[in-house]
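Below are two complexes that have chain A in common, paired first with chain B and then with chain C.
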Partner chain A sequence: MARFAGVGGRVLGHALPGLLLLVLAAGTVLPLAALLGRAFLDRNGGFAGMANFVRYATEPGLAVAAWNSVWLSAQTTVITIVLAYPYAYALARSAMPGRVAFRLAAMLPLLAPSLLPAFGMIYLFGQQGALRSWLMGAELYGPVGIVLASVFHALPHAVLLLAAGLAAGDGRLYEAAQALRAGPWRRFMTVTLPSSRYALVSATSVVFVLVFTDFGVPTVVGGSTNVLATDIYKLVIGRFDFELGAVVGVLLLAPAVLAYGIDALARRTQRASLSGRSVPIAAVRMPVRDTALFLFCAAVAAAILGVIGMAAWGSLVRFWPYNLTLGLHNYARLLEDADEFRAVANSVVLAAGTAAVGTAMAALTGWLVARRVGAGWAQGAIQAVAMLPVAVPGLVLGLGYVFFFNNPANPLHGLQGTMALLVVCTVAHFYTVPHLMAVGGLVRLDREIDLAAQALRAGPASVGRRVYLPYLAPVLVEMFGYFFVNAMTTVSALIFLFNAQTRVAAIAVVNLVEGSRFGQAAAFAVVLMVLSLVATGVQLAVRAAILRRQRWRVR
Partner chain B sequence: MQDGTGGTTPYLSVQGLGKRYGAAQVVRDVGFEVAGGEFVCILGPSGCGKTTLLRLIAGFERADAGTIRQAGADITALPPERRDFGIVFQSYALFPNRDVAGNVVFGLESVGMARAARAARVAELLALVGLSDHARKYPSQLSGGQQQRVALARALALQPGLLLLDEPLSALDANVRAHLRDELRGLQRRLGVTTLMVTHDQAEALSVADRIVVMNAGRIEQVGSPSTLYTRPDSLFVGRFLGELNAWKLAALEGSAARIAGARLVLADAPAALPGEPWLCIRPASVVVGGEAEGRENRLSLQVASASFLGDAVRLALEGEGLRVLADVPFARLGRIPAVGEAMTVALPAAQLMVLPGHG
Partner chain C sequence: MSFKMLGRAVALAVATVVPLLAGAAQAQQRTLTVYSSLDEDQAKALIRGFEAKHPQVKVNAILGSTAPIIARVIAEAAAPQGDVIMGNAVSALMAADARGLLLPYKPAHFDKVSPMMRDGRAEPVWVGIDAWAASVCFNTAEAAKKNIPAPVTWEDLTKPIYRGQITMPSPLSSGTALLAVNGWLTAFGEQAGWAYMDRLHENVARYGHSGSAPCRQAATGESLIGISYAAPGVKLINEGAPISIILPTEGLGWEIEALAIIKGARNLADAKVMADWISSREAAEISAKFLPITAYDDIQSLPKNYPANEREKLLKMDFGKLAASREAVMAEWQRRYGTKVPPRN
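Showing the complex of A and B:
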């Protein structure tokens, strides 16, 4: 544990972690507390007990949304995992050709708001959709549309988690099983499946929570089917019923908290079963299996590209479905209309601001936690608060911000309605993953490095500049890219916070959908995706350039 | 417990030092002195508190009790960066993003040395550790032994009054280790820097140290020169830790004779009263076997239970008369490896027998 002396030491030991903790808490814990409090208060601020929950359960038409959310999320989760597992298996374990391309195809939906696959659904299966007959008379708008579009939205997350889990298996187990005369199927059932149990649990809970709390898909293809994520918006924005909004917020939070607990539990058992001396698995060529997996992956990838391609096509069509001439007029509108152009500019400002502030903060908190800098209480508290956002749906966080920052008694009240608040909210919303990236990057560095630097009379700032910064540089670029892309495509947390001046492009898409201007909405979504693609490309190029320059890294 | 350091003021003096982590008292009432230019090893099994002691002296940990004085000044409360020491870690802790010269120059940059002076000093240090040709290589391109030398050069860069070494050789292969051990010792002699090295390897401590501080369970067991500790340990623990030892629980003392199991052995002189239970001990190399044993005191007739060839010597395990005796016999003297079951005469010379306190 690093121990620092003098005034600088006290600043590092208590003031810096204390300040970071305060900022983090103001961005996460306090708004959440405000939301939870509001669910148990009446309109006049008096304690209401469970009265708001009773009102929610008894008012006709409301509780059914909770059931819809659970049921549709469950169906989506099953379908997504069934598709994602063989896809991830093929990426991680098979020797089929084109694995890199298939991985990229599966990641593509991550770069766009969840509204984009929903548009694709409309163009494919809507009233005038190209493949309308495939639904065999079923109505797209409603449960069918929500499940279909959500599968596309959730698939990349499931594939990423499962592929990572499957790639981390222990090769020695397969050699042992083979030596014990187990055939391929028995090896799969006795080694592969059990060893990917944690990834399965994790992917299942992540997909469920993602779909359960997603706002974009049901807004576009939900039709008259109400779900919690759309209800919370209607209750707060349409009816100004903040108490019921808070109740729905609590309901939205529930499965996320549950999933977080399950995940933590599964992670603990997994750690016990993985030994430190495992041997990486080499992909084995099995022609029959690989061919089957290739065909399966090709079909899934084609569907993903088809859905996104349809949305892109829709953005180029003049007036779907009546005038199908192609052109860039939907894009031209973005440039001509000052409001809409501002939305795109705002998105870039939000993404850049979030990425800059978020990366700097997460690097600091990651450093404090990974290198055990400063007071012990602060390290534990920072780690706990940094882990919180991953369990908090954006809609819930956003509504918490409304309650917390709209309160005139709050000294931070002045932030309300500013772009700064949107940045704070987005940083908080996506904080967990970059924080963990920084921790992961820095714990790998020898613990005694800090002591060595101290013995050589280097202060913490000097070690930071001369050792940590170069060491962490590629990770910082990844963190920046993660914040940037997510800020670009997020809708949920911001839907409660924006105003005419701060409206971002992803919100503009929602507004255009509400006005049934699908072509323009699709154009917006495509612009966001292209910007995210460019950002990702730049991120990869910068990272590669850094790695090339840092000849000291072991290759 | 303490050896005097010749009356002059010691360079480093530790008194009554204590450190606890929660309920565990890791270092308790530790005191010893190091003279200027001396090479002292802190030796003990893992978990005995030796690394914590080093970290207390470096200032990475704050002592709960006691004082540390260096060059006459009380440094107990000083933070590491205001103390005067260089340190080499077990893992070397080289900065991976800096090349050899970059690592060595790190401390010189910290104290703001001028560029030209820095370059000269780095060249001098690299020459000292024999790495002049590798200045532009990164740690990942170096062998373990080379990394160790870089760490040493880096620790010496600021010309510290005290060099601290935390198991600096334990990560290396046996051959490299023996070689670097001698080199380290030579370098220390040449520079005359006061050195404190933590190790769990008794052979390493015996071969490099001027004096050894043996620790066990947070306490100092004994301080002394390698030969003193080896030939005249104060306790069964020290005796066993410094090398293979025959130890039999003493059944009874009859003046200057000792009774163990079925045998009665004469001692050179009657032992003083001991704090713990008394054990009769002798080093395997002091046991006399075969023809040379004839006519000596404390003769036993034993059978060979096992014989292992160690190269220059043969280690025999001999049994009989209720005893098991280990004996290291030069191979040249035996000329062959005795067969299991073979009868042999064994003598335990009275002058080599020790009565030591211990706890089994």
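Showing the complex of A and C:
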């Protein structure tokens, strides 16, 4: 446990973890408990014990859905990590050209409302798809579609986590390895891979949990393939059976619990690889490696761009696939409705608010966990709560928020119907990845630095300002961007919370789809993506500027 | 990046969020919060009509799909946020009614509304706005390419020529599918109805989650035939989709979209004003621009590209009995078709 000098240090060590835990709990655990607690209640609110679980267990088709969930999530996870690791490595460690552009390309699936990749996949691989033959006779709607779309959806999360973990390393280890005449492959296996183990573990578990709990992809391209996550949708939305829906919600938490255990183990065994004597890694030019990585990244980026580009092209044609006349008519029709303008403004407010609040919170919780500040139980609890949201489908979170905040007995009841509640909900929904990015960044700083600060009687504010913030700055910018772009496109939780004043653009897109106005829906989604793209461009520029100013990162 | 900058970022965020909160707090004197699952254009036209008639009331509309709106009403029961549900499937409204969340109210023009379009109970909870029926969306362009004839009857859909060409929603997640299924059980009878679905199952390529999606899939050539309803098909034809909307001759399962007041509405007086207005002929005439079947039998209308004779093909359905058998029908469907993958062509 890190100790800090002075009164400030003692306050920080005890009060801050408690306070953060309280805020996090109000944003995640309590609303979830308000919904998931129904798993143990009957419809009238009486205690039902395990009766709902028994009732769910007897539903036909459950075993098939459970197997599909596990097997498809596992396949997706393996493919995603295999693609994301070299991609992130190339971004963080190589000297290949176009690294900024590649970073942007990897973020694209996050920037686009999920409608766009769904359209893109269908335009490419559906019955009328240009590349249908690539599936070699298999049908898109089913397991193939689920895995393809899930990899697409999960890739940016994995790349971000891995790149954050690979960003910093100790150059001395590489010098030593080189002196011992270890070849590049051996250096990778004995130095790089072990030092990025924590990032690898967290990326793997995040991807698995993300895919396991997502019902957006299977409902669009899953065909008749049932997975556990779509059961929630069927039970809550099809049958208004909140009790059975809650049972599925509880079951979906299982992989998250497992992931938490693995994560805790990985954090304990991750050796700090950056000490006070560390030497920053210089991106060495290795022409063969860099060319190979460049080609690999180009292939992945081309696939991402192909899917998104196809959908963007679809927003410009009259009626795909029968009338491919190009034009801006879909965009022109958007301009006719003043409600849509307000929705875009609301989205920007929501995204900026979410990014500001979320980044500050996640930086603090990441620091507490990575630097072991405060009581051990508090650190464990914070980590557990922070790992929770990724395992919770937005639908469950949104309904939980209604049950929890729309209760007159709740002192926070006043938040119901406000933009502030939408901000809180969105911060909670996307908390896991930025928190892990902060942990992944900070866990690798040697504890010597805390000890040195202690010896110098530096207060926590001073250490924070002089050491952690500058060190973490590039990661903070990425966390901010992650919250921002996710808030621009999120729908599933907010659909239960928005009102006429706080309706955001992503919900407007869903309304357009429900009204069978695909062209306009696609056009609106493209507008949102462009806004996010601009925001990400700013983010990358800021990140590059920080890296340039921080001379200590390069020799 | 420093604490100062972080502080500034937080201050900026607070500065942007707070005015919005204040704006929500000092909202106008008389507002009415309306939940609606009607077609967006129709809902907006009705709201414009209502506000023109009652300019002292400002309507705040929350539009969304049938089921999420009802799920939201159920979740908000502790402190209802909405005042009135202006247009949601009666079968879904019944789920809220069964939980005691709707307020019985007999609107001013209730007795003038067509008897089939109003709640028959002594204390009526809902009054109908419009009705819609199960229909088939058929892609004429793909059919011409493959030289496949258009189906005319439900029975036609079981012919081998349509094998693997049909998509439909699953009644476990879609009200549209449930009314199609209930239509078959009504038209053919219990036993023959399930036997029909067994044969149909052989031809179905996949079961989805949304009621309008099969029509969209037919419109974009992702399938040849989508079992859906007419409204999305009409919109898609207007956009340029090469589909025709077929109303099979054996008759159509159908459903009413109705208004109901939420129990505990904060603006109850104006909710009743809205209910009174919706039951008026004036409101029905607005809806008739979008759908042929409205609350008044004698209003004749056929919106552009809408299939003719929908009203004549509606089956005589016992809604009370169907509501009671809802769970059983879903369970039987799941047992027969939910656990096995439909055969490929």
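As a working rule, the second predicted complex is superposed on the first by the 321 of 555 C-alpha atoms of A that agree within 3 Å, B and C clash if a C-alpha of one lies under 4 Å from a C-alpha of the other, contacts with A are read in each partner's own complex, and residues count from 1 in each chain.
Throughout what follows, a residue touches a chain if its C-beta (ideal position, glycine included) is under 8 Å from a C-beta of that chain, and two chains touch if they have at least 3 such contacts.
These figures come from a predicted structure and were not determined experimentally.
Legend: residue contacts after superposition of the two complexes on their common chain; A:208 is shown touching neither chain B nor chain C.
Of the two partner chains placed by the overlay, neither chain B nor chain C lies in contact with A:367. Of the two partner chains placed around the shared chain by superposition, chain C is the only one that A:226 touches, whereas chain B remains out of contact. Chain A has more of its residues touched by C than by the other of chain B and chain C.
Contact with chain C, but none with chain B, is seen for A:407 once the two complexes are overlaid on the shared chain. By the touch criterion stated above, A:470 is placed in contact with chain B and with chain C alike.
When the shared chain is aligned, no partner comes close enough to touch A:430: not chain B, not chain C. Looking at chain A, you'll find residues 470 touch chain B in one structure and chain C in the other.
Within the complex, the chain A residues that touch chain C are 43, 59-61, 64, 122, 126-128, 139, 141-142, 219, 223-226, 230, 233-234, 236-240, 242, 318-323, 349, 352-353, 355-357, 359-360, 399, 402-403, 406-408, 413, 416-420, 423, 461, 464-465, 469-470, 473, 476-477, 495-496, 498-503, 511, 514-519, 546.
For chain C in complex with chain A, the touching residues are 1-3, 6, 9-10, 12-13, 16-17, 20-21, 23-24, 27, 33, 39-41, 60-65, 67-68, 70-72, 74-76, 78-79, 81, 92, 95, 99, 141, 170, 172-174, 205-210, 212, 215-216, 220-223, 231-232, 235-236, 239-242, 330, 334-335, 338-339, 341-342, 344. Contact residues of chain A toward chain B in the complex are 3-6, 9, 445-449, 451-459, 462, 466-467, 470-471, 550-554. The touching residues of chain B, when paired with chain A in their complex, are 58-62, 78-82, 85-87, 89-91, 93-99, 106-107, 109-111, 138-140, 154-155, 157-158.
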